[in-house]
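See the structures that follow.
The following pair of complexes shares a single chain, chain A, combined with chain B in the former and chain C in the latter.
Moving on to the complex of A and B:
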């Protein structure tokens, strides 16, 4: 496609992000009317914002690429990404909102009354955030390389620069509207080109060059163990993602937190129809992409290939815009929540400290991204989910639902989960793709139960350390709160 | 998918962390071997170290957990076989051998607890070890005893035990001081706890009265607003509220002020919806708005403008009240906030004191002002306050 259009699309999305970040608040809430100003965010807006923040490079590019490569096996990814919200809805959203804690470290500290637990949680949360930003940057590199031919690092640096500028300059002060905008942009960017592709296909009646059921690479399908393990990772991993949980505090109470989650489920389900459709269309009409190792770029290349000409270029530019919306929104959400954790725990919570922490939390993963090479986006994100599911999820779930959790149990569980899953990831990378047995490649199925078991056993062994205020804490987490006085 | 870059990244991270852990442990070990000076210096260091460790545990007063930890340190200090700490009703902690004597100790200590001097009980038939029992005197009261058990009670042990008991007494007095300081602060907060200003009641009622004949409908509405405002201000439960509720209160307050000032008071708001559910101290924002109206705009000629801003700023919510009124002299304001001079800006000082008390010394009000230049008051509140119920 035309490189200038790709760059223009990136510039437009960056500009829109910055402009809405700085002025969106001013446009929407500059008023002398207290009634309007003190209206909380509607669940619909908040759900769109969560969708915007959650749908990362893996969802936008990776899922379609994976469907192209492994067909219906890849559907576990969108199903898992969405079903994680069901877990969130059932077990976490409302109690966490009621706890009044703002980050996962805040929550574990308040729940277990221990500074040590806070520190360990903070380290894990920062690690998760960094690991999660890396694939976003790889996606940005891939998109820039595919659409403009520039080297990949240009895209990575550009995304980090835009995020740093907006976050450090305070442009993310009312992030909800930025993220909500990004969700609808991503949806449009996928849906419109796909509709055009379908129209063109229907109009020309071009025959499919391959059967959608045939794997273009001829690789063996994943076994049931891998599917189950992946599903466990995605189901439990969503619970612990720092940038996802923060969004729930924009809800005024636990009930609207639940309603928001329900809408998110709907929004995500609609969204994932499109990458799947791209993947299958790719299988039928452009199987060559899978063999040439460009699977992750399928979404970016398909409109140009199927339609061509200026229309194709414009549609490709729209997809590029959506892709950068995905990288920017997820990265900025992660950077904001990481900066909050780092500045509070290390730098004393000052404004300067927050800015410094924002820079650190964006630049460290950029270093990682430089050092490593992008492979399959959905797969790497799946591993981050496995890590979160092993290290954070057991403590979060048991902290909300089990009175017997102790600080020693929590620390032991986080360390066990983190070390087991991290170890499996490292071992997998040392052994290489071919030499890794599937239980190492998809570790969640055994690391998550192991972490749960360690938390429970150690907590049982240290019963005397259960906080004395446990009944008060649990009452607060699980009883409905007074409604906010925002409506007349 | 297995040989992904993320794995390499994770490997690098894990290795870096392992190196950091090894380095930290190594440093710690090295430091413990470092030369500490002569024997005498080392003994002094050990004594002071044990005393300060024990002191930390006693800072919450005489209670079983603190006493148990402190008695371990103190036994090392005295070099005796066992050491016990009691209060006036029972044994709080027993460290070392011979715990079977625990039930007897209160009987042995009865005389000391009644105000007697340090008692020395030699070893005998029912006592395997000699005991030295020294009173802990806080002020003139005896609040407990320190009992040391050793094969023989020499003069050295007796003197040392008395000294330790005196030292424990000093710590207990400090703890009581802490407790009374907390009580004092609580009392101060309760006294500071936002009071609705009498001027405001008087002015509002007058303004409402002026509408009763000319615009009875409006007068009625204003009375209802006034009633709602007072109900919020007079509520007795809870020291915290949410920003949303506080904004409603400010809305009512401004409605009543506008009844008096008409269009002279203009207000604009810019509120980030993310921080509406942030917990803030009860009536901490309304006094700032009232201050802006009374001291910024009332004295000014022509219309005045107040802007209220709430921003999401990392782990904090940042609230700003700005007016373009007459402003004030920063020096005068400083001495007022420090409590050196009495002024009528009681509201500002009150809010500042409460914020510092609840969120720490670094989180008081930040006020930017100059004569004739208006005033900008900034308040930063942590968003995460799991301990405070709105």
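Moving on to the complex of A and C:
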């Protein structure tokens, strides 16, 4: 495609992001504004923002790429990403909102009355956030390289710079508007080119060049173990994502947290139809992209490939804009939540501390991204989900629903889950994709149950450490807020 | 909608680990909820919400499993076409989302109903 158009698309998205960020600046003044938009965000805005934040490089580029490569096996990703939100709704949304905590470490500390638990949770959360930002930056590098021919680091540095400017300037109030805008931009950027592709295909009546059921690279289909393990990771991993959870505190009460999640599920369901359709179209009409190793760039290349000419260039520019919206929104969401954790734990929770922490949270993963090579985007993000599912999800779920959880059990569980899953990830990257057995490549099916078991066994063994205020805590998590009218 | 002043993180940082939503008007209600009788209602609310969540999650997983089994066991079904698209793609790539949405909607409705019943029992108006 035309490199100038690609750059223009990126510049336009960055500009829109910064402008909306600064528009928000005028109304964010207190520390509360900075952290959670003072909890006055309306459900539709909030749901759009959650959708905008959640749909990352993996969803925008990676899902279509994997669908192109492995067909219906890859449909576990979009379904799992959405079903993870169902789990969030069923087991976490309302109680977490009612806990009143800002971040996951706030929650575990309050639930278990232990500073040590807080520190361990903070370390895990920061690790998860950094791990999750790296594939976003890889996506940015890929998009810049594919569309403009510039080196990958240009895209990575640009994304980090724009995120730092918006977050440091406005905090989460402006982030909410930025994210909501970016959800709708991402949806448009996928939907409009796809409609044009369908019109062109219907108009020319071009026959499919390949059968949708055949993998273009001849890769073997995934076994049942891999599919199940991946699905476990996606179902439970969403529960522990720091940038997703921090959004729930912006709802006024538990019931509205549920309503927001319901809207989010609708938004995600609509969105994921499109990457799936891109993947299917790619399999039937452009399987060569998979064979040439450009699977992750499918969404970026397909409009130009199928339409061509100026129209193709303009549609490609739209897709590039959507892709950068994905990198920017997820990265800024993660940076905000990480900055919240770091600034409260290390820097005393002031606005200045938050800004400093935001810079740290964005720049460290940039270093990781420089040092590592980009792999299949959706696959990398799947591993991050496995890590959160193993390290954070057991403590979160048991903390909400089980009175018997103790601080010792929580720490043991987080360490076990983190070490097992992190170890599997390191071993997998050392052995390389070909040499890794499937139980190491997709560890969630055994690391998640192991973490749950350790939390429960250690908590049972240390029964005397159950907080004395457990009755009050559980009541507050689960009983509905009073209607506002009766408040004096 | 009232604007709520939030001051949470510093309170926690100074050593007190109380959950930050505490409001003065809530005190008497909390006392009632923490009495033995109040706790009976709270525990029953928690149990019913957990049961509801498990039922919806289990139902969703069963339907998903059913979809997969149906495609695997009925010969020729996966390859049959709907509007020119392969049936397995339509079912797994699009058909599963309405199931998720329906489950979520039923859950939100029933959970709110459980809470309304709790409010009535606990005498909270």
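Assume the second predicted complex is superposed on the first by the 462 of 488 C-alpha atoms of A that agree within 3 Å, B and C clash if a C-alpha of one lies under 4 Å from a C-alpha of the other, contacts with A are read in each partner's own complex, and residues count from 1 in each chain.
Everything below uses one rule, namely that contacts are C-beta pairs under 8 Å (C-beta built on N, C-alpha and C of every residue); 3 or more make two chains touch, one makes a residue touch a chain.
The structure displayed is predicted, hence computed values, not measured ones.
Chemist: With both structures placed on chain A, which of the two partners, chain B or chain C, ends up touching more residues of chain A?
Modeler: Comparing touch counts on chain A for chain B and chain C gives B.
Chemist: Looking at A:344, would you say it contacts chain B, chain C, both, or neither? Reply first, second, both or neither.
Modeler: A:344: touches chain B and chain C.
Chemist: Touch test for A:252: chain B only (first), chain C only (second), both, or neither?
Modeler: both
Chemist: Which holds for A:110: it touches chain B only (first), chain C only (second), both, or neither?
Modeler: both
Chemist: With both complexes superposed on chain A, which partner does A:476 reach: first (chain B), second (chain C), both or neither?
Modeler: Both partners, chain B and chain C.
Chemist: By the touch definition at the top of the document, which applies to A:102: first (chain B), second (chain C), both, or neither?
Modeler: In the superposition, A:102 contacts both chain B and chain C.
Chemist: Please indicate which partner A:131 is in contact with in the superposed arrangement: first for chain B, second for chain C, both, or neither.
Modeler: first
Chemist: Contact-wise, after the overlay, does A:20 reach chain B, chain C, both or neither (first, second, both, neither)?
Modeler: neither
Chemist: Mind working out whether A:94 is in touch with chain B, chain C, both or neither, as first, second, both or neither?
Modeler: Only chain C; A:94 stays clear of chain B.
Chemist: What residues on chain A does chain C touch that chain B touches too?
Modeler: Touching chain B in the first complex and chain C in the second, residues 32, 35, 38-40, 99-102, 106, 109-110, 252, 344, 348-349, 476, 484, 486 of chain A appear in both lists.
Chemist: Which residues, counting only chain B, touch chain A once they are in their complex?
Modeler: 1-14, 242, 244-245, 247-248, 250-251, 254, 266-274, 276-277, 279, 311-316, 362, 382-389
Chemist: Which stretch or stretches of chain A touch chain C in the complex?
Modeler: It comes out as residues 32, 35-36, 38-40, 72, 75, 78-79, 82-83, 86-87, 89-91, 94, 98-102, 106, 109-110, 113-114, 212-213, 252, 255, 258-259, 261-262, 265-266, 269, 272-273, 276-277, 280, 344, 348-349, 401, 471-476, 478-480, 482-484, 486-488.
Chemist: Considering the complex alone, what residue numbers of chain A touch chain B?
Modeler: Spelled out, the residues of chain A in touch with chain B are 25-26, 29-35, 37-41, 99-103, 106-107, 109-110, 127, 130-131, 134-135, 138, 170, 172-176, 249-253, 336, 339-340, 343-344, 348-351, 354, 357, 368-369, 371-376, 379-380, 383-384, 387, 422-423, 425-426, 428-433, 436, 440-441, 476, 484-486.
Chemist: Across the complex, what residues on chain C touch chain A?
Modeler: Within the complex, chain C touches chain A at residues 1-10, 12-13, 17-21, 23, 25-26, 29-30, 33-34, 38-39, 42, 45-46, 49-50, 52-53, 56-57, 60, 64, 78-79, 85-86, 88-89, 92-94, 96-98, 100-101, 103-105, 107-108, 111-112, 115, 118-119, 122, 124-125.
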